[in-house]
């Protein structure tokens, strides 16, 4: 099949947009930490652009999209072997496909960083994402998109399960494993610069159009649908988060609105090309409320999901995957169209993913703990990770 | 008519670029206010991405682009009724058209926020933009682009009248209505962080390529023309603002240069696809000077156009609409090609829009004032809107 | 030849991405200077968007791409004479081609600003870039891309020589000419805000996809190749910089990682469409190490390359140009495929460019020095350039 | 000699400075501060978690004066910093004893150096 | 009256405030500072150039108190600022004499105004 | 004991610190400040509106010293902060009486704690 130039443009520009989400994530997270941890937090996203990118082209792509078996690909395309300028995937050059998929592999582990800011050793973080990318991301990606046992079964337009459930649930596992930041719940830990978080929100939403609408992999009607749902769902989720917050606390915060937008983006991800715009609005409204409740839980249960990686990506991802099975109506049929089987598959996919991701994440965490160590010392945490891990400080007089 | 994939890509990516202007506007404005109002100011742009987005797909689109009459559309497409995956507008899916037009509906009311920062209640601001979007934006959009009485008459390539005249003149109306900030003209009110404003400028210019060049709605020669004029006009306007400022005050400021760029972007908006690049340069040079003078007026007349929403968007929009009637030469004929009639129509369009927008804005303001109130109390203004309206502060130690 | 809509979209969107690199550069550099010079530093990039844009359409384009002779173009297209809506260059409207090439003309002189922050008069900086654009950039661009004596000879996919060698080597010339900042090496000169530099890094990488992949000027396989190499090379370079820094100093800094990314982007620029992804990784790894060493040199030799414009763009550009002659294998043959002649041409191109750029830069510097002066006074340097050159300060309470 | 520290509302800085100039006090040092005081703070919410925050932004002025300038300085600050007829949160002035002053550029000391 | 200046770790601000409230000291001014002290600093690297940096972020508290409040204030700060059994870098408290206080809003002076 | 407050140019911080180390004064607190003084300010323009601004960025040092260290400390600051033969704007040093010091980590007080 020949390449289609417009599809190629669409996929490449979408890829650039997704890469741009990494600085977006860095700023989203970086604004919420304290001044002494801002570079450390941002580096979690930036270093993923280094480590995961190289890992992807060296081996990850082949494990995810190589033929392999029901569980994982193989090494036929390690080091991009067998791919050249004229290789084609669908209607685009394979190089473009490798890049597009690579962006997902880069951002997914970086999402987890929000759960462990301020207390993980930088070297261990790097080891963690590298291992997690191979052991968790590559297989799950293969299951859902790369020819594995969920391919063609579970509906996951742009990575609700592959990206958000995996990273969100792994966040929960690793933060429970690592324990709280010192002083959590005692000393106040306020965002040091909310404008950075708003900047990150803007970058993320902008980039998410590439993430979701680009996932059609072609410049067609479905891309337009995925685009409009990615426009309205976060808008609705921002509003519903704001509404519930306003009613509960009397104040609609900027940080809350931004978090609501993010929740909406997460929830619509698996559904973007399968639901109508009106269903997307409903999904967004639900997302704002559910994620708000999930984040409140943290206060009640007392675990330290520092930047709500689980509260937003985990809970939002699960909600999105399930609601996709409810609302799907375009090119797929969900519960509302009477297909309870699809919903069942969605739930099944989520559960398998959760179990797999939790077990693997804990094993990785355990191995790292026993070998190179994972958490910084209390005194390093005190001084801040920018100084102790990176030998620098973000702001200087 | 079938969809054209390249047009679809062009319109979708342009839409993403326009959405990106909202964070741009948030930062452009946010840098200019004082620390205590920065989140409040940024939220004016962000919340528009929530409120106006939902309003647009629920009813705004139908009012603007539904068949209706000379004045306004109808409700045939409320809740996007009658539109599905395969609906086509021109050469693109209707979903893409809805999104693209929706971006304009989102940003236009947010522009007004620059006139009222630091003194409007957040709840009233939300009510204001929601009402203004229905009462002012939707009809004017219908007049000029949606089949109303100015469609095919007035030249407005990308919204000089629809976007900038409406928002700019409404800014003037509402700021006169609301009155000054406390301490205006007595205490010094300096931008708290000019680097944020420069960031905003960069985001705005970048996004404006989608705004203007995307308005061709097709990947064709006119898009290229609109792109190059959007490249040179702001450059020229930045330079002419800088020159006049340098001569008058002895110093070329960064904030001034940034404002000049914005003035150039505003002025070229209605003309982008109708004038040659050289005419665009001339228009840009004029824009820098005229908007500089307009902003100075504020100092003389003593009204508090806090962030110059009127000085730049209002005056720049009117200038642009009129100059389009002078310089149009590509696919239209302006005064310089001997067509004084076009100029007449431009002026007429501007005047009707001004009268309509001013009257409606004042009515909306009046009704809000009498019902939920519009302005915060003096003490809230003192403490700052971030704390009093949103219960948070942007920067924490 | 008719225009191809997908190519048009690709070139226009790439142009927007490149323009976006200017704010990227402003933030990359602006974060590294002290608070008192941040606006001055950012204005170096912003004002280039004004001055160079206008210069380009008035005369620069014609000098670079007009027929002319082996050395320089002519004035046939001054003021874009002879170009209209329907003019075509390759498969895209000439207006689009003018814009795309214009973006390179805008960013190249701005790169030099990193060498002279904190000590050049603003007026002289403007004069410098305007003259340099005409005397250095336009001819070298003509040589390599516009029909001059290196066209079709030297491999320079997206401007390794035309952009980075010229600007990097001119940086060295002008910084030696201007001398150090006051207190350099005595007082500590630390970056005032590393988060700004990280933001700039994100913007630059994002924009660089337009810079490199857009240089194919068509939506084809080569664009995809250039895109993937621009994805992996900076990733590799960031990692190799980080590794060497970690080993030498014990700490992997965020600023170092960001600088490594930039080095990788520079190195892959001339090679982007000519090498395989794996070769791009190797080039990136080399870039990180070589540029790290080059930047260390500064400490040893004691010159004040304030923001390492020479260390990164000069050394990185030369490295890239030469390595392109080694690794080229797609649509060209480098040393590794046994073609030593290409390597010879690459070296020749670099040497001629170096000599030409150094001589011209020194002449321009000398003339400016003797006429309007170049360096600010010691007391102005003390107070900071934001106040003395622009009459403003970035941050206000 | 006295060392005067005044905590005022950020937005009153200009008017305080104007009043100080009238009494020929032109030298002072300004810094950003935050204050807890009688002025009630506000509830802040961070992602569904409530925090009561009373820390409000303030400006701190440091002014070294000769004894005969103390009265006019205090009066000027009061005049410039007071909102209307005086509100909670307008701030405070602290007067500390000052033993010596040295002007770095000239080496002058004592009252001459102030 | 005394003017107390305390330099503490940023992350102890909340607990110091809590202790101060217990002894009914509710008014204070907070500002950002950086400190050199016994606490060892860290090596910083800027683009391949090494710098030894010992400047660490601190919080500075200014508290004006009446004499009878001095002891409890100091004790409260100590309690709130101390990490476990005390570490280098926990900070210092300086006590300066304070001659007068003026409350801007009311014009009250002396101990009443504190 | 004395409490020394010095206002210096930001760019002289490193050299002042170096001089202080020579006389074995290694503990100090640094903060950002802005100053009005004899040094002339600059015209600032915000969007076509002119403002005369005289507020210049400064660094403030706080150093508590025992009496016998006062002279060397002042001398060191002067040496490090002076630009060439001294320029307006080089800054000032204020010496205040200090009644007590408490080291939080150990509870030491007085001169030992400095």
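A, B, C, D, E and F are the chain letters, set down in written order, and residue numbers restart from 1 in every chain.
Quick note on the criterion: contacts are C-beta pairs under 8 Å (C-beta built on N, C-alpha and C of every residue); 3 or more make two chains touch, one makes a residue touch a chain.
If you're wondering where the values come from, they're calculated on a predicted model, not measured in any experiment.
A count of C-beta contacts for the chain pairs B-F and C-D puts B-F on top. Chain C and chain E have Cα centroids lying 48 Å from one another.
With centres defined as mean CA coordinates, chain E is found 42 Å away from chain A.
Chain centres here are Cα averages; for chain E and chain F they lie 18 Å apart.
Contact of a single residue of chain F with at least two other chains is seen at positions 10, 13, 30-32, 34, 43-46, 87, 96-97. Within chain C, the positions touching two or more other chains are listed as 5-6, 9, 13, 35, 188, 190-191, 199, 203, 249-251, 253, 255, 391-393, 397.
Interchain contacts join each chain to each other chain, per the touch definition above. Partner chain C is touched in their complex by these residues of chain A: 3, 5-6, 8-9, 12-13, 15-16, 19-20, 22-24, 26-27, 30, 38-39, 42-43, 46-47, 49-51, 53-54, 57, 79-80, 84-86, 92-93, 95-96, 98-99, 102, 122, 196, 199, 203, 386, 389-397.
Chain E makes touch with chain F in their complex at residues 2, 5-8, 31-38, 55, 58, 60, 74, 77-78, 81-82, 86-97. Against chain E, the residues of chain B that register as touching in their complex are 397.
If you check the complex, the residues on chain F that touch chain A are 10, 13, 30, 32, 59.
Across the complex, chain B is touched by residues 4-7, 9-10, 13, 17, 35, 190-195, 198-199, 201-203, 205-206, 209-210, 213, 218-225, 227-228, 231-232, 234-236, 238-239, 242, 249-255, 257-258, 261, 276-278, 281, 330 of chain A.
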